[in-house]
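What follows is a pair of complexes built around chain A, which joins chain B in one and chain C in the other.
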Partner chain A sequence: MFLRQSGIHHASYSADRALFPIPFDRWAVAVLLAFGLAAPWLVSSLTLSTYLLPWIVWTTAALGLNLILGWAGQFHFGYAAIMGIGAYATVHGTRHGIPFEIAIVLGGLTAAAIGVVFSFTALRVKGLYLALSTLALQFCMDWVISHVPAISGGTQATLQAPPLKILGQGVSSETGYYYLALAWCLLVTVFMLNLKRSSLGRALVAVREKDFAAAVIGVNSFYYKLVAFATSSFIGGVTGAVLIFSFYHAVTPEQFAVNVSIEVLAMVIVGGLASIIGSFFGAAFILLMPGLMNALITWVSARLGLGLSVETLAHLPHAVYGALIIAFLLVEPMGLGKLYNNVRNYLLVWPFGYTRK
Partner chain B sequence: MKTKLFSAAAGLGLALAAAAPATAQTPIKFGLCYDLSKAYTFITPQVSQAARDLAALMNLKGGIEGNPIEIVVQDHGNEPQRGIECYEKLKREGVMVFDMLSTPVSRAVLPRVMKDGNILAQSFVGRGDAVDGDVFKWVFPIGPTYWGQAANNMQYIKTRHNNSLKGVKVAFMYIDYPFGQEPIGVLKTIAQREGADLQLFPFPLPGNDQASAWTQVRRFNPDWIIMWAFSNMHVVASREIKRNGISPEKLIVVNWINETDIANIGPEAAKGMKRGVNVFSGPNHPIIQQILKELYDKNKGAGDRKFTNDTYYNNGIAIYSSLFEGVRLAIRNEKLPLTPDKIRKGLESITNFNANGMIAPVTVTAKDHGGGGKTRIEMWDGAKWVPQTDWFAGYLDIVNEVVKEQSAEFLKSNK
Partner chain C sequence: MDWTLFAELAVNGALSGLMYSLVAMGIVLIYKSSSVPNLAQGALTMLSAYIVLAIAGALKAPLWLAIPLAMAVMFGIGMGIERVALRRLAGRPIIMILMMTLGLDIFVRAATMTLWGGTARPLPLGISDAPLFLGPLLLNRAYVVGALVALVLFAVFFFFFRTRRGIVLRAIADDYTASWSVGISVERGVALSWAMSSVVATAAGVLWGSIQGVDQSLSQLLLKGIAVAVLGGMDSVGGAILAGILLGVIENTASGFLDPLVGGGSRDLVVAAILVLTILVRPHGLFGREDIERI
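== the complex of A and B ==
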């Protein structure tokens, strides 16, 4: 219907390889991008600073994890630890006078270095065993942070992030923080979109499907696994730093604890493996749904005069939220991204639905 | 919208009819962003219930200087980002006093509170150096800190050993994460000064397995055991105490052991166990009795009646008594309409306030947001907690030193 393909001719290689060959997709992306850029003027400051900002930061994290989990097919249960390494490295760097722009890259590199060290296990073990060894990374980091005061910042284990300065300009407004997060999110999104059609992306997919089959067709799975871990860890590390400087303003161990790892993992799985739009949906679902559900149920109970106790009000959203996750995954086990794709595929051939069968 | 207009009109009409002085009857809002669904559920229902009961009782008597109180409770599931969401939302709804009752969330909102200039109440929990009012202008941990409590426990042990800690063996048993590690510095300094033999026995999260730590404690054979844990860890500990043949009399636990824990340990088995407390124990307190009479007897209580019998309920009454007192002083001294700055000044003028004996008398000043740091020691006699001492504070110099050191660190890192 909307996604008309008539009149699209691939006359050149570049046109054939375009990211969005269908005009409707291009328009949709343009509108979303315009909305993203104009958001500080379109939405309330509460929405901007407590929903939109964390959502795009966590989306970036989910994209980073999706690279290793969705594309390269390697389990990672310690992604929050990777983000934490980047965050701590960046905060320590800026506190020692390194400019933010350099410190954040250093943070990303530190995360990549440590991520790669742990990824050596990935070359020896697979599947659930790899999941456990990355979980070990998470617990190692938790332990190190809470037992080395030089890292955690003393007995209170809180390290304040210095005021954000980009190119010498102080950034302290909600809009500024939002644009920092948006810029990084766009950068990673564009990278991931291009990954799909690059040789690196295809090599990762080959490794994911069967690593010795990949070796047979000439893909060095050892090398590509390392690359996948390093890239994904770099994205994670920088995202961790962006999270601290744009949202938390102070770094503490529990912001990057094991439950956060599971949460990011849930974003990727609910959103859909190897799906970019799915990462956006997944992050929104996992991150924002509990709060929205909370507000909705409180509102309904106040409207109907149910007089529920504060505890029931607190627990009910979790039950509904859990049920929703199960419901969505039952409807489409491939995640929300696939759900979107189903609709899109249906519209692509509408009204000739039988052509898909 | 219509109802809003109507109520506004009605309010205006009433105000005119009564020809009262221009006291706008806008409620004074207190924002409780609590973890009601994850890690802190062993305490938050009781505390929020106490806050709402106390507010209801005050409202029956005409509120704070004629202004009604409104308690807003929202769940944040102990997740920092949801705590921030709660803070940002309530801030825009006119809440000026916030209470998070969760260490991770308090830490996460601290930078925002300091920047926006809103009151963050964190009595008995959160970072101890926040009592330094010079640095933490907007944070009010009225009551003792964990450092103060640990120092007071040492002071108590000292009085039990003819005022000398020389050679006294003290074991510090703690859950190995920041909450448990916090008192180590203070304890070590005191032990060093007094010549006490202090040894540390950490056990890992989630605290269900303490077997190896208690075996080591048995070998050390301490005269006293100070324990920093919460919730079910106390039950596990008492089992290990029994197994290792250690007398519960030697145990001084942190203030977070409550009636549920005692019931799970078994009232008889817990006999002799001691704890440091910040508040009056048990429901035989005039404020609670009044709440029972005015609210619960008329079926107007904010929750289950059995919770009023819980230590945490008393903690809630204590926290909100001092906050309401601060707001009262703010209205009396600074006049309406309230601003966070006026409330801050009100809180900073609390003098010798003990909430009818619910807490040790506190005097809050612009420099000291803690108010004295007095605690007392109680013993479980098989049926109730019996105070062993009066309110006291020991080693104030050491505690202050740690406070200054840590707050200076915060100041340095905030530049």
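== the complex of A and C ==
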């Protein structure tokens, strides 16, 4: 229908290799981009700071995890710890007078350096054991962050992030925070979009499919696993810092605990492995769902006069969250990105569906 | 160094380690038959303790009756989980299976909290608090009982795997496809292993619930269970027992000496460090089978 493919002929290689070969996709991306840029004037500031901003930040985190999980096929159950390292490094840097722009890069590099430590287990084992060892490293990192006073400022301490200054200009409005997060999200999204047509992306996919076989055809799987861990940790570290400076404004160890790791993992799985638009969907789903569920359950219980206790109301959304992960894996294991693709593939040739048969 | 303190820490560590291997045994039973690493075992342990309390409360049943009834209920729950959630994922990539057990973990934990609330409840088994004296060493009676139960369960499984049904399970563990081709119902075998591990989880839940009270922290036994299971080898029940003793001794003595230095809370760190080191040095554990991979 809108996605008409017929009559589109690529006359040059560059047109054939374009990121969005179909005009409709280009228009859709342009409209979405325009909406993203104009959002501070289109939506209320409450919506901006409680829905759009966290959605964009967590999408970036999901994209970073998707790089290691979806493209390189290496499990990472400690992604929140990596984000935490980046956040703490950046906060400490800015507190010691380093400008924010430099501190955030340093934070990303610190996260990348420690993320490479995670990858040493990846060189030795894969699959289940890699998942378990990264999970164990997450526990170690949690412990180190919360028990070393030089990092966290003592157990149960909250470290205030200094006021955000970019290029010497103080940024303190919700709009400013939103643009910071949006800029970083766009950068990561463009990087990920280009990944699948670069040699790095192809090498990562080869390693994902089978690392020994990749080695046989001349892809150094050891090197690419390291690169994948370092790159995704850099993205994670910077995202952690952006999360602190634009959303939380103070950093505590619980913000990066093991359940956060699992939440980001759920975003990637629900969105779809190695799917970029899926990461956007997945992050939106996992972030918005508990709030919507809460509202729905409260409404239903008030309507039917169930008189549910406060404790039940507090835990029921979590149960639904777990049940939805289970349901997704059973019904559509490839996630929301695959559902979107199904619709898109159907519309590509509509109404001449038989041409696909 | 105070050798009496050291010995006391080591012996109590070994006993509590045997109780960790109750959790690990559940993980091993499932992994052995279906290669599914069950990250929901901690949640199942917690659920079983709540079910025991619910049965004891609702039927006014004494605990000796409530525990077998809860085991029967958990048997059904284990089978149900396998039937609904895991059977359709057979042959899928391991990340899907891991995510499924994580989803189960979240679901079971939150559903338990929704039904029964999060306040800690006592589960008195009638074990006296008075310490047991072994020469100069003080032993915790609850740990002694728990360790004995773990050993008894190990003996039960030792003989079970020599019965006809046990041999069927071993065949499934050895080769899925070959078992199918000789007419073994693999699905039923895997369901049975889930049910058995849920029953083992009940034993773990009751014993740990009597020691630390029944609340959400019971599900955090998962990390220790996983560490023990990996250290012993994911497919070895005997390995889980020995690794439990080993991990318990290391954990208790190391944290006994580290805690005063770092201000407490080093237990989880020691366990996580042992898990990472095991995977780095000997991924298939002490007694596990080393898999050779084809390209």
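What we mean here is this: the second predicted complex is superposed on the first by the 319 of 357 C-alpha atoms of A that agree within 3 Å, B and C clash if a C-alpha of one lies under 4 Å from a C-alpha of the other, contacts with A are read in each partner's own complex, and residues count from 1 in each chain.
Everything that follows uses one rule, which is that contacts are C-beta pairs under 8 Å (C-beta built on N, C-alpha and C of every residue); 3 or more make two chains touch, one makes a residue touch a chain.
Source: prediction; values computed, not measured.
J.: After the superposition on A, what does A:Leu273 contact: first (chain B), second (chain C), both or neither?
T.: second
J.: Is A:His315 in contact with chain B, with chain C, with both, or with neither (first, second, both, neither)?
T.: Both partners, chain B and chain C.
J.: Looking at A:Leu128, would you say it contacts chain B, chain C, both, or neither? Reply first, second, both or neither.
T.: Touch partner of A:Leu128: chain C, not chain B.
J.: A:Ala213 in the overlay: touching chain B, chain C, both, or neither? Say first, second, both or neither.
T.: second
J.: Look at A:Leu330 in the shared chain and tell me whether it touches chain B only, chain C only, both, or neither; answer first, second, both or neither.
T.: second
J.: Using the superposition on chain A described above, determine whether A:Phe191 touches chain B (first), chain C (second), both, or neither.
T.: A:Phe191: touches no partner chain.
J.: What is the contact status of A:Pro162 with respect to chain B (first) and chain C (second): first, second, both, or neither?
T.: Once the two structures are laid over each other on A, A:Pro162 reaches chain B alone.
J.: Which partner chains sit in contact with A:Phe24 here, chain B, chain C, both or neither? Use first/second/both/neither.
T.: Neither chain B nor chain C is touched by A:Phe24.
J.: Same chain A residues contacting chain B and chain C, which ones?
T.: 155, 309, 311, 315, 317-318
J.: Can you tell me which positions in chain A touch chain B when the two form their complex?
T.: Going by the criterion above, the answer is residues 46, 49-51, 54, 95, 146, 153-162, 247-250, 252-255, 287, 290-291, 294, 298, 309-311, 313-315, 317-318.
J.: Which positions of chain A touch chain C when the two form their complex?
T.: The contact residues of chain A facing chain C are 69, 75, 120-121, 124-125, 127-129, 131-133, 136-137, 139-140, 143, 147, 155, 210, 212-213, 216, 262, 265-266, 269, 273, 309, 311-312, 315-319, 321-323, 325-326, 329-330, 333.
J.: Which positions of chain B touch chain A when the two form their complex?
T.: Touch list, chain B to chain A: 34, 36-37, 41, 45, 48, 73-75, 77, 79-82, 84-85, 88-89, 92, 103-104, 107-108, 110-112, 127-129, 176-178, 181-182, 184-185, 303, 406, 409-410, 413-415.
J.: Under the stated contact criterion, what part of chain C meets chain A in this complex?
T.: Counting only chain C, the residues touching chain A are 37, 85, 88-89, 92, 94-96, 98-100, 102-111, 113-114, 117-118, 223, 226-227, 230, 234, 262-263, 265-266, 268-269, 271-273, 275-276, 279-280, 283, 293, 295.
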